[in-house]
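These notes open a run of structures that come right after.
In the two complexes below, chain A is the common chain; its partner is chain B in one and chain C in the other.
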Partner chain A sequence: MTRASVSPKFLFSIVGMVFLIIVPEIATTGFFLHMATVILLWTILCLSLNVIFGYGGQLSLAHGGLFGVGAYVYGVLATKLGIHFWLAFPAAGIVTGIVGLLIGIPSLRLKGPYFVIVTLGFNIILVAIIRNLTSLTGGVNGLVGIPGPGIIPGPFFALDFNSKTSQYYLILFFLLVFWLVMYFIRDSRIGKCLAAIKEDEDLCQSVGINTMWVKVQTFLLSSILAGLGGVLYASYIGVLAPDDASFHVGFDALVYLTVGGIGSVVGTILGPVVMILISEFLQAFVEIRLFINGLALVILIIFMPQGLRGGVAYLWKRLFQTRGNAT
Partner chain B sequence: MAELLQQVLNALVLGCIYCLVASGLTLVYGIMHVPNFAQGNLYMAGAYVVFLLESLFGINYWFVFLATLLIMGAVGWAIERVCFRPVRNAPHVNSFVVALGVLMAIEGLIVIFFGADYKEVEAPWKRIVDCGGVTIGGQRLLLILGTLLTMAILQYFIKRTKKGMSLDAMSQNRELALVVGINVNQMSLLAFMISTGLAGVAGALMAPVSFVYPAMGMTPLLVAFAAVIFGGMGNLSGAVLGSFVMAGAQVFSTQYLSSVFSDIAIFGIMIAILLFRPKGILGGRG
Partner chain C sequence: MVLRGKDVLLTVRNLVKEFGGLRAINNLSFEVNKGEILGIIGPNGAGKSTLFNLLTGVLSPTRGEIIFDEKFVTGLSTHVLAQRGIARTFQTTRIFMDQTVLNNVMIGVVPKTKHSVWNAIMNRRKMKREEDGLLKRCEGVIRFIELEEKAGRFAGELGQEEQKRLAIGIAMATEPKLLLLDEPTGGINIEEINHLMGIIRKIWSNGITICLIEHKMKMVMELCERIVVLNYGTKIAEGAPQEVRLNEAAIKAYLGEEYAA
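And then the complex of A and B:
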């Protein structure tokens, strides 16, 4: 251990952050920027799943549905009622939070496999509802023509979010805010309770922690984050179909999170970057994607349960720690 | 009246399929404590094996049926050894994630080899049996009889043979079973192979009745979960009962309310059971 050295973690975060900020500058094609934006959107969903699964150990399979609820609420508010993005954004967050509570309160009373199965069941119900509220959601035909964030009128200057670049920065901004929220949660009292619940829930109860309340709060926050991610997705993509709320969305987020590293902050972006780039390279074989995702999930859980984040940390230790000890 | 009977018959046919899928699910849960999310896709894979064998060797349904059973048993052996055994001592949630990975990998593999379109498998017995206003296709009759036979064999195996009794013992009380020297590895392997075999049988019986396509496993999987929870996880007779209840709920809610309600009815029942009787209707073991 050298004294007063900059921790590699800090260094990586700075380099990564700078890279994220200059992406639109170095993006030579519109497609590159689109990929980067899609990766950021997946990162938001991964981090929302990470809050409940990574920190709390509760594997929710309802996050595809919650993402879809946020997206659809924004879509409906914006297209049917013409409500502006900056009003619809918090509204969609609140609605998703309520849906999250409705799902979370009964589900979180259950443990282990029961929780997983019930959240999957709730996702099916959400999709069934979206599919059948035809007058609002357009049913299987979906919603089209969802407006983007548009222009924020200001007294002194107006922020214009019509270009792709500005949308990228908007999504990056929210991602950074959500990351901060995640950091805050991890180090707060709730985060510590969550870590303890993940280890042994019965023990937590016996020392007087109201585990149910902690889990409900976390699930609420996690659903709001997923819903807001959905709003950003809908406003960026502009069209929605019931498949956007399918449990497959949640499965993919789980794959990306596992690849990146369950319970780690950097893992939430590492996973989407690696997996989405891989599936882009394999674009000639679109069908392979599902297979690769499944395979990655199985292999990583067996051989590298800490994901790439854990793998990188391990390699870093092996390569540099010994030298550090020698000096 | 005839219409009602026809609906009951439809529910019976669906219930048979759910029953085979759910029995495998509950068996694996009882031994390995893994909710095997891949079970629905193993059923789908069974149907594809039938499709493949038929297109390779023509229709000799009996041969195809037995071959499917063997192939799916072998698939189960491989999945247990390669995917589930390495995570047996890891945190519990890891095995759930592995099961989801297997689900995705199987579906992906099938799409790569067969494409996403609908396939058709020819039925061996095309006669339609008419008994007093209620008609039933030959294959559906075969499906009901095949399920009865399979479940009878399974019941005999579990209650009367040494291996089967060990399996039953382990799902009733794991620690005591270990104490009397029952081999965990062997039992997990056995349970998983039986479970994939049952899924294969379900796929083979269903393939000629419905179309064969990659997403066909999802509904049976979810309904089977609901059925297993209805009867109590790990409880075989509960799973059988649950399957027919869920099939009834599905058929009648589609018929008399609307198809929207069938998903909601099934999961509504499931969630209600979990909240008010978490050990299932039969409670503990039956």
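And then the complex of A and C:
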């Protein structure tokens, strides 16, 4: 092609970004905005999973638990100790990071299915702890009355995060930051190491990469991102139950990520958008909802093995680039 | 034969490796001198690949010691040994098939540079500035293995022999002192073997010490200055190619009892 063309990727990102920013404006009902916020929260969890699984090839099923740890740490700090969101937010990130290290260091020594099963086991342990630490977490009764981010006092103006719209923007802001972090990782030398480890860990070691160290660092980052996502979730929803830390949460994130496209940036949001919308549209058909949901998943994965990200790229190529290739 | 001084780079002393009741390496001792090409030959199951796995820390020896570059390295992990200067290729060609030739070589360069999550996020500028130097090193390696026209291609698209060259390139990118080649010419045709031998000679003339496992006698005899013959994990002969060729134990191990003179 002779004329300077804008890459479709860039075009999509801009359109998508603009759409994400104007969502509260075009949201006619509170429910619509709620759905959008929930989708963003899922996107954060998918993104954290993508760092360790999409880039590093290590399928962690502990991410539901890590998400829950972040959420509960914030919940407990905010309700029991009255600590402000902006202090509890980093604190929860640090705690989740430590938990992530405790899980990652033993389990990352294992490979393939063994790693998957051990992380699943850790998730079950985390839920058991949350369920039994009744004095702090409220046990099976859950934790209620978790405050939102509230107001940040400032010298000239205060930022008020009490409305649903402002919470949406807060979550969107963090999502963008986390996306940037994820992009930085992919783009960096550690991203190259991760891609290499995903393909052949022994070969990586034989050239001198300390694969364990690379994986532990990445798992730590991934845990922190999941935990911070949990904090945002807890501060938005306001109530927590042990099920919020269940491995089902991590499983759902895995399904969304697979549908969106493992290892891609845009896939982390495409998956949650499509799967959550399908599931919502099917609310009217209670009897067959799960069946249709499962069927949709199977069809998507069979026809788009690379996820929606791969599917869209393929269609785009078929539709618009045949001429470009011919010349 | 060129003699290049007698500095020893690698010493293996009384090395033993047992798998359960099986003794794969039995009281093995030998030395590799700086700057030489040493051939390691022996029938299938003689313990050649096990020896390489011991030297690179993939396996840890049951007994015995390995001294590399005047330091004890017995039991160190693979990546540490690679950082110290032991690089290897594998018997089955192992490269990163889903990545470009350039990225493959880059993985060999990265370990000695900073590559942490922290740097990826906080020191992006500095990392990017270093990138030019790294790319230049990669390009040098790719030119060395004569794949410059395919630098942007995916490794999986390359031919057999090109993949073998790339595997050597990844190892060379780590700037090793000792290069262990496990059957570098397995499964490729005569012309390609000659090409590959040329590249191995080029590596050797750059001052890198080479240890080579090979089945093709002609190649070993042409290339190596010294040969160690293994059988059942034991060294049965050692010496210059001409000597080994006439060694009774070596002939017996390879050709059977009746051929021994």
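Throughout what follows, the second predicted complex is superposed on the first by the 303 of 327 C-alpha atoms of A that agree within 3 Å, B and C clash if a C-alpha of one lies under 4 Å from a C-alpha of the other, contacts with A are read in each partner's own complex, and residues count from 1 in each chain.
Throughout what follows, a residue touches a chain if its C-beta (ideal position, glycine included) is under 8 Å from a C-beta of that chain, and two chains touch if they have at least 3 such contacts.
These numbers were taken from a predicted model, which means no experiment stands behind them.
**Q** Examine A:266 and indicate which partner it touches, taking first as chain B and second as chain C; both and neither are also allowed.
**A** After superposition on chain A, A:266 lies in contact with neither partner.
**Q** More residues of chain A are touched by which chain, chain B or chain C?
**A** With both complexes superposed on chain A, more residues of chain A are touched by B.
**Q** Please indicate which partner A:77 is in contact with in the superposed arrangement: first for chain B, second for chain C, both, or neither.
**A** In the superposition, A:77 contacts neither chain B nor chain C.
**Q** Kindly classify A:122 by the partners it touches after superposition: chain B alone (first), chain C alone (second), both, or neither?
**A** Touch status of A:122: first partner only.
**Q** In the overlay, answer first, second, both or neither for which of chain B and chain C A:59 touches.
**A** first
**Q** One more residue to check, A:185. First (chain B), second (chain C), both or neither?
**A** Touch partner of A:185: chain C, not chain B.
**Q** Chain C touches which residues of chain A in the complex?
**A** 181, 184-185, 187-193, 195-196, 199-200, 202-211, 214, 217-218, 220-221
**Q** For the complex, which residues does chain A have touching chain B?
**A** My answer: residues 57, 59, 106, 109-110, 112-114, 116-118, 120-122, 124-125, 128, 131-132, 251, 254-255, 258, 285, 287-298, 301-302, 305.
**Q** Would you tell me which residues of chain C are touching chain A in their complex?
**A** 56, 58, 77-80, 82-83, 87-88, 90, 94-99, 103, 106-108, 110-121, 124, 127, 170-171, 173-174
**Q** Looking at the complex, which residues from chain B come into contact with chain A?
**A** Of all residues in chain B, those touching chain A are 29, 33-35, 83, 86-87, 90-94, 96-98, 100-109, 111-112, 115-116, 222, 225-226, 229, 233, 260, 263-264, 267, 270-271, 274-275, 278.
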